[in-house]
Amino acid sequence: MTLLYFAWLRQKTGRGEEQLSLPADVKTVSDLVLFLKKRGGGFEDAFADLRRLRVAVNQDHSGWDTPLRDSDEVAFFPPVTGG
Amino acid sequence: MTLLYFAWLRQKTGRGEEQLSLPADVKTVSDLVLFLKKRGGGFEDAFADLRRLRVAVNQDHSGWDTPLRDSDEVAFFPPVTGG
Amino acid sequence: MIAIRIQTGDFDIAAEIAKLDAENTGAVATFTGKVRKEGDLTALTLEHYPQMTEREIARIAGDAQTRWPLLGVTIVHRIGRLLPGDKIVLVAVAAQHRHAAFEACAFLMDYLKTRAPFWKQEERGGKTQWVEARESDDRAAGRWRDK
Amino acid sequence: MIAIRIQTGDFDIAAEIAKLDAENTGAVATFTGKVRKEGDLTALTLEHYPQMTEREIARIAGDAQTRWPLLGVTIVHRIGRLLPGDKIVLVAVAAQHRHAAFEACAFLMDYLKTRAPFWKQEERGGKTQWVEARESDDRAAGRWRDK
């Protein structure tokens, strides 16, 4: 799967994009967040408060319980501030 | 006083503007309308239905009971349709 | 801060916005009214009451200023004979934030439609006819009374 | 009928309106968002999610089309580093009548602010900081849900 990080998530995680093989115990976005937090450091910090975060699965605004497949593109970002 | 007529009132009365000395028995706009209707012809026709008309006294939207003075500018017109 | 023009010629929306802009403008809302191409309409002629028009529009713009924090208001209204596709009116409002700009722009249009002394005459198939005022415009203006 | 562009360069409002115009357009409402000159703000940098941005904006514009009878919608959003006074976003809506144009324009802005994947970073006195989303923007978008 492709993971994308925007705005301060990109800065905290130290990357804008990464490729990841869907881990065996990751069924939903929530599972993926737990998996990423276990990396510690910037990832633990970036995902510390989910209320400050949003997620899009395959370019659609999605919820934390969205099921995931290995072919998905998952993007994490703070609430949007365009316009 | 100066009387002004706009849109179809101008066409029905046959004039856009006229000077008039305030008639002795004209105290309000309503009185003035009665005075003008007595001219007959186009004037009677133009002022036949006051619901279709509006009046401005000295460039302010006004009511039919507005008191008049000889120095006033009184404009008669249909409801506006600009914009 | 308030600019009002009545003119026979066309106007340039981008130029009007550029003139309107204050340094702390964050939002500019504009409305442009046009002569619709429809059926056998060949022209629209706008007449007005010159001594009253600018005064009445200034009054309406002043009212908008008391209701919303505005940085600039420009109103351009054309008169004379216009053809389908021609622009008739421009209302442009600058503010710090978008809701003030949007609401003031809608308010100004509703009041221009019901208070500013303009009258439209249509030409259709060689015949001319005065446009009747629409009750829906009165209702639209009325919605601001309780706000 | 729906035109969406994400670009680093500036845009010309009058040119965008001219392209938008349909023959039976009677009303064009526009909104332009700008970088306000305020305090020690020296620049604003806009980042976005390229794969998602146009799709999400197209979705929002499609939603507006189902709510109001629209003749044209143009949305231009800039990205990259912008300076105080620069234009950020343009929403232009053409319709036969003004209320559809006004409401759709306000709706589109409210949804762009809360759904389109853009993020702003401010530069103030040499330091950069991400702009926080405002709750008032969520409320503004929420008001359309019951309509």
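Lettered A, B, C and D in written order, each chain numbered from 1.
By our rule, a contact is a pair of C-beta atoms (placed from the backbone, for glycine too) under 8 Å apart; a residue touches a chain by one contact, two chains touch by 3 or more.
These figures come from a predicted structure and were not determined experimentally.
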Chains contacting each of chain B and chain C, listed by label: none
Graph distance between chain B and chain D, where chains that touch are linked: 2
Chain A and chain B, separation of their C-alpha mean positions in angstrom: 73
Approximate Å spacing (C-alpha centroids) for the pair chain A, chain D: 26
Mean-CA-position distance for chain C and chain A (Å): 49
Rounded Å distance between chain C and chain D, as computed from the means of their C-alpha atoms: 23
Residues of chain D whose C-beta touches two or more other chains: 33, 109
Numbers and ranges of chain A residues touching at least 2 other chains: none
Which chain pairs touch, all of them: A-D, B-C, C-D
Touching residues on chain B, where the partner in the complex is chain C: 4, 6-8, 56, 59, 61, 73, 75, 77-83
In the complex with chain A, residue positions of chain D that touch it: 33, 46-49, 51-52, 55-56, 77, 88-89, 109, 112-121, 130-134
Chain D contact footprint on chain C (complex, rising order): 12-15, 17, 21, 23-38, 84-85, 96, 98-99, 101-102, 105-106, 109, 140
